[in-house]
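Could you have a look at this structure, given as structure tokens, before my questions?
For clarity, chains are labelled A, B, C, D, E and F in written order, and residue numbers in each chain start from 1.
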Amino acid sequence: MYVDLPPDRLREYRAEREAPADFAEFWEQSLAEARTHPLGLQVTAVDTPIRTLDTYDVVFHGYDGHPIRAWLKTPKDATGPLPVVVEFPGYGNGRGDVVESLEWASAGFAHLSMDARGQGAAGSRAGATPDPVGSAPSHPGFMTRGIEDPATYYYRRVIVDAVRAVEAARALDIADPERVAVVGGSQGGGLALAAAGLVDGLAGVVSCVPFLCHIDRAITITDAHPYAEITKYLSIHRTKAPAVLRTLSYIDGVHFAARATAPALLTVGLMDPVCPPSTVFAAYNAYAGPKDLLVWPYNAHEGGGVEDLRASMAFLAPLLDGR
Amino acid sequence: MYVDLPPDRLREYRAEREAPADFAEFWEQSLAEARTHPLGLQVTAVDTPIRTLDTYDVVFHGYDGHPIRAWLKTPKDATGPLPVVVEFPGYGNGRGDVVESLEWASAGFAHLSMDARGQGAAGSRAGATPDPVGSAPSHPGFMTRGIEDPATYYYRRVIVDAVRAVEAARALDIADPERVAVVGGSQGGGLALAAAGLVDGLAGVVSCVPFLCHIDRAITITDAHPYAEITKYLSIHRTKAPAVLRTLSYIDGVHFAARATAPALLTVGLMDPVCPPSTVFAAYNAYAGPKDLLVWPYNAHEGGGVEDLRASMAFLAPLLDGR
Amino acid sequence: MYVDLPPDRLREYRAEREAPADFAEFWEQSLAEARTHPLGLQVTAVDTPIRTLDTYDVVFHGYDGHPIRAWLKTPKDATGPLPVVVEFPGYGNGRGDVVESLEWASAGFAHLSMDARGQGAAGSRAGATPDPVGSAPSHPGFMTRGIEDPATYYYRRVIVDAVRAVEAARALDIADPERVAVVGGSQGGGLALAAAGLVDGLAGVVSCVPFLCHIDRAITITDAHPYAEITKYLSIHRTKAPAVLRTLSYIDGVHFAARATAPALLTVGLMDPVCPPSTVFAAYNAYAGPKDLLVWPYNAHEGGGVEDLRASMAFLAPLLDGR
Amino acid sequence: MYVDLPPDRLREYRAEREAPADFAEFWEQSLAEARTHPLGLQVTAVDTPIRTLDTYDVVFHGYDGHPIRAWLKTPKDATGPLPVVVEFPGYGNGRGDVVESLEWASAGFAHLSMDARGQGAAGSRAGATPDPVGSAPSHPGFMTRGIEDPATYYYRRVIVDAVRAVEAARALDIADPERVAVVGGSQGGGLALAAAGLVDGLAGVVSCVPFLCHIDRAITITDAHPYAEITKYLSIHRTKAPAVLRTLSYIDGVHFAARATAPALLTVGLMDPVCPPSTVFAAYNAYAGPKDLLVWPYNAHEGGGVEDLRASMAFLAPLLDGR
Amino acid sequence: MYVDLPPDRLREYRAEREAPADFAEFWEQSLAEARTHPLGLQVTAVDTPIRTLDTYDVVFHGYDGHPIRAWLKTPKDATGPLPVVVEFPGYGNGRGDVVESLEWASAGFAHLSMDARGQGAAGSRAGATPDPVGSAPSHPGFMTRGIEDPATYYYRRVIVDAVRAVEAARALDIADPERVAVVGGSQGGGLALAAAGLVDGLAGVVSCVPFLCHIDRAITITDAHPYAEITKYLSIHRTKAPAVLRTLSYIDGVHFAARATAPALLTVGLMDPVCPPSTVFAAYNAYAGPKDLLVWPYNAHEGGGVEDLRASMAFLAPLLDGR
Amino acid sequence: MYVDLPPDRLREYRAEREAPADFAEFWEQSLAEARTHPLGLQVTAVDTPIRTLDTYDVVFHGYDGHPIRAWLKTPKDATGPLPVVVEFPGYGNGRGDVVESLEWASAGFAHLSMDARGQGAAGSRAGATPDPVGSAPSHPGFMTRGIEDPATYYYRRVIVDAVRAVEAARALDIADPERVAVVGGSQGGGLALAAAGLVDGLAGVVSCVPFLCHIDRAITITDAHPYAEITKYLSIHRTKAPAVLRTLSYIDGVHFAARATAPALLTVGLMDPVCPPSTVFAAYNAYAGPKDLLVWPYNAHEGGGVEDLRASMAFLAPLLDGR
């Protein structure tokens, strides 16, 4: 069943809230701090059962110089320069195992699949990157760690990591730094929008059923996790709603979308209770670059699934030809 | 939590029921009938975004000569002869999309992924093969179609299809017919055991968290679907239990296992309510060929997941070297 | 709680979609094909513990000449001509046992209770009629069998069976063919509307909490089964929505209602998530014959239950007096 | 799935607890008190749509002389003497509507269907009999009303009503007092056992999936309602377990069974979490009269359903012939 | 997630229904009848482990002179006159244990915590007061006992008890009868509103997330218990809705609120499915005295929890100073 | 329903696993490291509405010198020396608000209620103490933070904090350091056992329905949270079970119990799925000091609730008299 506004109202749905006045400054400063640490890119070939691809264990330095792990996969013996697809994981997942997620590299791209720090022990794909930063009291999960201040918020760190992942991708020997795209679904889709808003010159953005969009609305229209972590937090720390909502406004995909310029493909499921469609439409309608949206009327949070993957590949295929 | 006997009792658990006296005859006759139809193998190259593999749309004739679809994937420009991994799908799933399930071909095998007739509209991977045969009254799902007689039972048809899939695999131009293995998880694992019991000369059998084993016990120790379809059927057709249990005895993985000779790898999750561990141990302990078992103490029906895949690849890796 | 529009909006709710242009032709042709087979009516007395009624096992030929079973119950030693109540079963149910459903015959009617082919192993009443027709990949259940083409759709067959059941009722020795009514609840109510739209000269139509009405809307406003089978199908076969919606438009109760002329009684529960009230109001408001509607504000899919039965009996009572 | 001991252990399962020493005295006194009130039998013909039966609204005086309502149904124009089937309702239900429950009278019996005082607003069949007695604090439902003392316990009143219903049945003009049987399912089955233990000369006892048996065990092996009402009560009134268990020992079907002499048919579902099978076997194995047990291996609380009804009719059929 | 109207519409939401014409007369008469019985106040010191408070077991006579129990707690060796906080319990709860609910007395008030007759075996706090009055058939719980007539309705009795509790409070030796406030949450909040509408001269009213407000709407917008008891009742006793709604109109908090004059503090959770916010706003907007409302956007039925307690204490703190 | 072994087997149930060889050394070293930081005790009076108690905001230095917050409550104007009850919170909770948890101080004790670092945003009582330490990938919650090494495990830090809380209690001006007891329920009960095993000279230990006992078993017999966090972690990090189980063996209450000497009161609910009874009996049977156990047969994780509180107060009451 539809879980949100009717389709015709979704089409025009826009968020009303503005980004905080110092939004750009906040992120400039956050990235500047991270860049005081060297990128520290390490790329180590690993032996795997996959014969059609080359696989590398990648480490780079993210927020506060913390080491972040990723897998790099490339077509066997490719020489490059290759377009790079930087992928961000869904909530609870990490970069997974080397025998998983072969699609992008098999399609001819260099594929850099990043861990979300501290995650990777709840979904289906394991992570290998610690988050060395602690937190004030938080609800189980990652959504409310350090949430009372943008400076300490968990997603500040992850978004800085995501931007640094793009920088790492561009620094790869095999990469064509002009042809770097970001992709992801759910949390990964939210991080792709964040990267789109913070990184110049991306060749493409794919954000499937994105999470972390129009969060102030999301927490009032769904009780599904992980948005519900925030609601639960506020149900106990009742007087902290203003601080929490302020923090969230710094990482909301709607505000990143409004600052993006790269061509983007978004997707949305009209029966998605996890990332309700109006929150995705709010991001889509705010998106400032060229854009397209795939609407799946009968899907929940799986969205277009393999159809989203196929559409993403078609959307980014021109990059393989050097465009 | 553990959902079945304690681990030490599982280790030695055996089913007590015998196969029906005419078990072998039933299957010989079923296969002989199918073989009165030509195999009708068609292999058609298809265009896909996957550049590291060649993909083919395969059709062969299964039970009663019905056309069955499969995907064949091989490493790009491989010349063969290659070992072939024949994969059977999990319940509700079909062969899926060409951009899914790249692992086996990327690891160097020819990979033939078969539809389960009529399925492919409930899991995550779509099917493309009809089941043209109707049924007496049945519970929603596939478990009870034609269940009151082995001759009309749905799984008789699917198992014949599975055997014919192995024959199709051996008939592929690129195949080394001496190096054909069967793999699958859940329903696919049950079908792999069936193939192991019905086909001579298989090079390997991988059966992860197999379904369709020790079914008479399974329906008394779990209320999870799809075994529950049988229980629900019997809860309404109360007087048909003897006929139904008789039918099931012809397709029980325990009896196929007792007739198998190829080396096999099985896996089991001790917290799996869908395919409870004692039913898997019953099949493993009955298995007549060389065998190994991976026991995952803290997993439900996902079993070893990517670890199962890695172990399967290691188990079948010698085939890539011609062994 | 109310599960749909508020009561005042329900009252005027109408579906906007038109029937397909060839709707009438489709059904004329479907029925003409069925009528190329003889009706093949067989009526066999059966021995039961019920002393106040005579019970007969009835077989007639439905779609494609397939045999369809029904129970005929009449007051003990009744000589006729009697009015006949033809009843269609709810989803998952069949005609049941001879000691069940004594109400209509005990009230003085001849009662012909038909099986829904292939069903009768999921509700509480067993069926005895196979559906010999197979299907392309389908979601567990009956809703999506052959759903991509009206010609192959499961409900095409069942609706033809329902029309033939009325023809069988009229052909019974004991029947007054001018006094035949159709009744049913849920799926049975949907089939009663279909019969009302396809059969001339019915003496009455009772459709309680009907299923199969305004289906295109139903699948967007409820996630309850069995409508959800369609949604699940479309969530996997994502590109097939146009074909599926087209097929459904041929069996939608709203379109049958618009072609009906017999006096009808419908009922609806305002808290019914299975057959949401707006879909029933859409059928009621489209109904072209004399009509009445019982609205149960505090009921879910049980609707008026025994009150619906009593009202149905009162509605059809004039038939007992020859009217 | 099986919800209790394995079948072979069920077969021999017996409760270990003894009835309280004054069990017989308690009931003699309770009945004697009730009999200080006249039976007050009133039988009033009612007009119904059911033409094959005569229906009467019956009132008699039960516990403390409170009026208890029942329906009497007899085959149309029957003259008697007829055997009488006294039926007790399932938990939450009352005698229902006159157009329901036609089976027993249609099979030739006089059928007296009693209300359970205060119930009839939770199941599917409405009741019409108040319970004018209040209660100390109780958990929602009827299980814990007055539970701290056998003298004030709700079921003391209902069981007295049930015995008085048999007396009312024997006093009916149309009845053969030598041919009175008691029947019921779930709570009704428990009340049938109570009647069997308290009334002499019953012609038969049918107790399907009986509730209220081996209650001290039941509350430790299931968390299903209505047994769970007791557990919830004890979870709050923690120090009252001895008093509560003592009270329950006065109404436990196991103790009534041990005092019964009439021939009995019991039924049980091995997958019944509401009335777990060991509690039914305990009653069956304690039953002191001739007895039979129908075991349904794949059924939950629906037990044998229509098969139970058919078996009950066959079991009591000899009464129709005057035996 | 928000479970009701959007916040801006809630702010102005008003119930449209009028109180019954004889509302005032009904309650005057009900209270007059109760007052024909002496108040019968008994106050007995009890020994507890709590050293900072004095605790007394209180009994007074409520509806029909039935004895009602309460705890009185006062600061150790307080001499008075003290302001008294009369507290009514949440649904299913009673006055609890003497070591619970120390807050109000520890804050300096005399605290009189009343039982709700018959309750106290379902929540977490036990009750000790029987309800000696029986009922016509009712749904499990207290909501539908005697519901077809205001004269027999359960809540008529409880509300009379609540008014008598205030009278008992004023009659306490230690009390300043000019400084008596009523407080409660959920059911207790509903009873506080009832007392506010029926008692003159209250010094304050605290009604947290009140139950029993705008009940006719509540039963159509939530399926949560205990409102759902009413819906379930009506789903079986389908023809009794007018009588039931009439009864409920006599105990609806909206109508009491419209007659109140004392200063009041109400609270509401916008995510509360148990007492949906529009029903609380309806009561608040109808409240005729000075008033304030705490709105908790992210809370369910726990409402403001400890923040509600703190706000209540601040609201009533002036009473401690003799105001 | 009982959720574990039958009561007679529980009585004698013992864990078989030994503590790690360096268990004592591990904790000596952990505590020694913490003690390299000054205790840093700060006690600041706070203004509250509670007039019968004095309340203080307490900070002390725990693991690695991190500041840990607690509330100290004492009877108004008490001069001491007083016995001190140190309380540890349940999972997800913190020290709460000053108007909560008045019982111990009201009973005459000094009551020191400690935060669990990082918690206090999931239960009902808020926390105010950060955990500044990050973690490798973890499952949502606190159970798996740093779980692959005892040195980095979250509970190492919390247990050190708990020991330091006792030291802080003894250092309070008002305290009699010879009369310090530790109490807690669930996680708090597990921490009380840990303190009992690590601190000499405690005057009493109250551990209600303790968590964190016989953890290796717990994760195989329940799927309830929070134990399930560990199972979920292991279901993804499949190869880490040995490391994880090793870590857990350092914080298992069974091993602390075996080292305890202070008199203890434990409680257990036989229907507790959160802390299954065999795990509590294992701790109780291992407990090396004087001990008593309250067994609540019909309770889940609420255990004895207020009865546990009363029993705890009675158990510790002699301390008030200086014993």
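Everything that follows uses one rule, which is that a contact is a pair of C-beta atoms (placed from the backbone, for glycine too) under 8 Å apart; a residue touches a chain by one contact, two chains touch by 3 or more.
Remember, it's a predicted structure, so these values are computed and weren't measured experimentally.
**Student:** Among the other chains, which touch chain A and chain C together?
**Tutor:** B, E
**Student:** Using direct touches as single steps, what is the fewest number of steps from chain A over to chain E?
**Tutor:** 1
**Student:** Taking each chain's centre as the mean of its C-alpha atoms, which one ends up farthest from the centre of chain B?
**Tutor:** E
**Student:** Could you put a whole-Å number on the gap between the CA centroids of chain C and chain E?
**Tutor:** The computed centroid separation for chain C versus chain E comes out at 50 Å.
**Student:** For chain A and chain F, let me know how many angstrom lie between their CA-based centres, rounded off.
**Tutor:** Comparing mean C-alpha positions, chain F is 39 Å from chain A.
**Student:** If you average the CA atoms of chain C and of chain F, how many Å lie between those two points?
**Tutor:** Each chain reduced to its C-alpha mean, chain C and chain F end up 63 Å apart.
**Student:** Spell out, as numbers or ranges, the residues of chain A touching 2 or more other chains.
**Tutor:** Touching at least two other chains: 124, 302, 305.
**Student:** How do the chains pair up in terms of touching? List each pair.
**Tutor:** By the stated definition, chains touch in these pairs: A-B, A-C, A-E, A-F, B-C, B-D, B-F, C-D, C-E, D-E, D-F, E-F.
**Student:** Spell out the part of chain F that touches chain A in their complex, as residue ranges.
**Tutor:** Residue list for chain F touching chain A: 92, 94, 115, 118-124, 126-142, 144, 229, 232-233, 236-237.
**Student:** In the complex, go through chain D and note every residue touching chain F.
**Tutor:** Contact set of chain D toward chain F: 219-223, 231, 234-236, 238-239, 241.
**Student:** Over in the complex, which chain A residues touch chain C? Could you list them?
**Tutor:** Listed in rising order, the residues of chain A that touch chain C are 1-2, 270-271, 296-300, 302, 304-305, 307.
**Student:** So in the complex, which bits of chain B are touching chain A?
**Tutor:** 49-53, 75-76, 96-97, 99-100, 102-103, 105-108, 124-125, 302, 305-306, 309-310, 313-314, 317
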